[in-house]
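Next come two complexes built around subunit A: one with subunit B, the other with subunit C.
And now, the complex of A and B:
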């Protein structure tokens, strides 16, 4: 019953978002919505590796930037059409994940966290220093000024990302395997799972959507430079959204993305001089969330509800379930 | 170009010496808390700016301030650590992940604070030692050693010796080493993990801040310098093998050499890329560090 009600709410939201542009013609509103939807996609993609697998990727923005630059370079220098370039943006992000993951995913979480962060800094340096990216001047793409097209493209892409991730992480055994690694890597290994392989798959699964969203962003905004697409703000925001919203779920990051993005939009609209203040707020928000709501907003809300209605048996905690349930599909192989 | 090589090597060793201090303190904190502090570069940056402003207001040489800066930042670290400890000993969620996220959040916040307060300009801290230099022409080498860098190395050696004494010869050091080996067992033996952690974190923040002042005298300071030094600290610790203190000096010297060689022979803005490539290769071939003794 709970699932069907959730599905109904989601269907209503989706329908509302689909009809919305027919009612609202203001381009500013459309732009804000498009970007908001994009951030939902980025946040849930980040959560695949961070929340479900328990490996923090502090350089998530690198995939976004790589996607953006891949599309920019392929469209402007190889003159490929957008629809050919876009999937290649995802491929480029996946390759980067593979290259970065091979040495780091064998190791403990701390290595991965700081190595991905260092990688994103290194990639930004690379984009600043090589010729074909335009260096610090950035890159201008062919303008295709159709806000409606990008609104729907973003909506459909993020919707598809959400459905694919929801199926893989919440319905297929894959999600349980990842959770098993998060809870107890040695235990998962003892059950016959290959943690390194699974971590790699989840890292790539997190990178592909991010690269594709970066590509759409590049074509939409038509101008990319190392500080806007490869800067640390993209990664920092993704971390805040997921930690504040709630790790290890799909709805938590989405909620976090909506709230943080709404806050940012209002904040920047009224206080455009204080962009640096935003950095302080982001950092403080991470610290406060960690101390007071370690399960994130979504986790805290869901738990409250479960406590308030004791007659309804709360869903079994994912920790032990993850380990025991994983064993079943493995035996079939 | 070859005649520049002795100069590059000398610069590298002198610079690497300074990195030793950061990396040992950073490694020590990791050993006690089992969490990487992403704010390491920001502590360095704060220390550098404190030195810069103290020098501006009082006109005294930054080297005189070093103990003052240590005391200030020891206090700051001592007060911050209990919060990290609380996050790490939490029962909700995954405390280890939360600890990483927490220090990451601190780093973002500090960077924002610094950019708001100090802007994007970069500066350097003037010191009486900035002017002078030694020439080694007399022994047939075309090497110039700026006095300030030599002072930096002296500082690094002094700090390293003090830390060595503290760790190996005192009860406090015994407690720290015990905590690094096994937190629970150390607790059973009467080591107060909370208080020892606070002291270690305080020492680490204090040393990072002092080193920041030196880096400000030798290189430059800016609100965005933190990122670079966080990567450097990580580089040294991974190269040495995480938690393996004896490897730290060698890794720090190597970092100094890489940096000075890139400054002289290649484009200095490629240093970070070179550092990353080396890091990648080390992680690929020997993830437990150059000596294979990390955790």
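And now, the complex of A and C:
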């Protein structure tokens, strides 16, 4: 019952987002929405490795930038059409995850965060110093100025990412296996799980959608440079959104992305004289949320509900079933 | 006599200059409960870790059902039928009891619905079904030890390594765990158990292997071992022997 209500709410939101451009013709609003949707995708992709697997990746932005640059280079230098280049952006990000994961996924906790951060800085420096990326001058893509196209492309892509991740992480065994790695890697081994393999799969699963979103971003914005796509911004913002929204869930990061992005947009659009204040408020908000709601907004909401429920009606399944010993109680999920 | 299910052949495990397990050999027959005992620091847990794949032996080999498994990773050994518990329990604290066990059930039941059904059955056997939806972090020590057993059992193993699953429990809880172990033996499981509580280990073991300072000092039925002068000396010192 709970899941069907959730599905209904999601369907309504999706329908609203689909028909919205027919009602709202303001390009600014459309642009903000497109970027907001992109951030939802980036946050949930980040959460695959950070929340579900417990590896805080401070190099998430590198996947985004590599996706963006792959599309830029393939379109401008190899003259491939966008639809051919786009999946290759995902492939490039996946390869990066594979190569970067071999040394870094052996590390844990802060060491993993530091190593991935350093690696992403190295990639940014590389893009600044080689010819084919345009170095610090960046790269201009063939302009395709159709806000409606990008709005729908972003919406459909992020929708697809959400569905795939939801299936893999919440429906299939994969998500639970990742959580086992997060909770206790040594203990997971004894249960037949290969942590190296699972962490690598998780890292790649996090990288692919991020690379694809980077590609769409590049074509949409038409200009990329090392600081806008390979800088700290993507990683840092993803961390903030996921921690604030709630790690290890899909709805948490989505909620975090919406709130943080809305907050940021309002500040930049209407209160641009107080930019310094934006960072101060954001920092304070994060500190407060880490201290008072360590499970994030979504985690806190869900927990409060879970605590309230058993008092209303106790779990009916187990006691009689334990006596009959054969009967299997209907799953409570 | 049939081939033993587990053969430990002159296993030695060194950590730097320290020899934790020194040239230990023994075997376990199918359907037996073998107790591994010895004073603190005798090398019992190290030997467990060698058998379950957490450490590769420095010398010697471990043969399980005719195959050399020395140095194979734990997740491979889980696949061939070796289940183990940890002395320092390792619950997945952020997950529910049911989820903890379901993860182990995935080994033999790759579909989530099947794995959950299987996990329920295991929880009924081990008496945790009424706590299935609790967070594993919320269990008592007795509950967590039971969860350890449940997870190992959910692998549907043919061979079970139990590392101090009774120690730390009150007498009632201990009796329930012993009952469970006997039930598992009756189902045909072979068990190697480390335990400090003599009352328990003497009662349930068919045979005992005694370690001291990494070496095997005795092997035999509980009655034989308890009258062995080396064993008495190891436990009570020179004069008692």
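Here is the rule we go by: the second predicted complex is superposed on the first by the 293 of 333 C-alpha atoms of A that agree within 3 Å, B and C clash if a C-alpha of one lies under 4 Å from a C-alpha of the other, contacts with A are read in each partner's own complex, and residues count from 1 in each chain.
Everything below uses one rule, namely that contacts are C-beta pairs under 8 Å (C-beta built on N, C-alpha and C of every residue); 3 or more make two chains touch, one makes a residue touch a chain.
Since the model is a prediction, treat every value here as computed from it, not as a measurement.
S.K.: Of the two partner chains, subunit B (first) and subunit C (second), which one does A:154 touch, if any: first, second, both, or neither?
M.R.: In the superposition, A:154 contacts neither subunit B nor subunit C.
S.K.: Is A:173 touching anything from subunit B or subunit C once the two structures are fitted on A? First, second, both or neither.
M.R.: So A:173 only meets subunit C here.
S.K.: Of subunit B and subunit C, which one contacts the greater number of residues in subunit A?
M.R.: Counted on subunit A, the partner with more touching residues turns out to be B.
S.K.: Between subunit B and subunit C, whom does A:291 touch in the aligned arrangement: first, second, both, or neither?
M.R.: A:291 contacts subunit B only, not subunit C.
S.K.: Thinking of the overlay built on chain A, is A:40 touched by subunit B (first), by subunit C (second), by both, or by neither?
M.R.: It touches nothing on subunit B or subunit C.
S.K.: State whether A:93 touches subunit B only (first), subunit C only (second), both chains, or neither.
M.R.: Neither partner.
S.K.: Which partner does A:182 contact after superposing on A: first (subunit B), second (subunit C), both, neither?
M.R.: both
S.K.: Now for A:193: first (subunit B), second (subunit C), both, or neither, which partner does it touch?
M.R.: It touches subunit C, and subunit B stays clear.
S.K.: Which subunit A residues lie in the overlap of the subunit B contact set and the subunit C contact set?
M.R.: 182
S.K.: Could you list, by residue number, the parts of subunit A that touch subunit B in their complex?
M.R.: Those residues of subunit A that touch subunit B are 50, 54, 56, 58, 102-104, 106-111, 113-115, 117-119, 121-122, 125-126, 128-129, 182, 232, 236, 239-240, 243, 247, 276-287, 290-291, 294-295, 299.
S.K.: Taking the touch rule as given, give the residues of subunit C at its contact with subunit A in the complex, in rising order.
M.R.: 52-54, 73-75, 78-79, 83-84, 86, 90-95, 99, 102-104, 106-107, 110-113, 115-117, 120-121, 124, 127, 129-130, 132-133, 151-152, 154-155
S.K.: Touching subunit A in the complex: which residues of subunit B?
M.R.: Residue list for subunit B touching subunit A: 30, 35-36, 38, 83, 86-87, 90, 92-94, 96-98, 100-102, 104-113, 115-116, 227, 230-231, 234-235, 238, 242, 267, 269-270, 272-273, 276, 279-280, 283-284, 287, 295.
S.K.: Taking the complex as given, what residues does subunit A use to touch subunit C?
M.R.: 171-173, 176-177, 179-180, 182-184, 186-195, 248, 310, 315, 317-319, 321-322, 325, 328-329, 331-333
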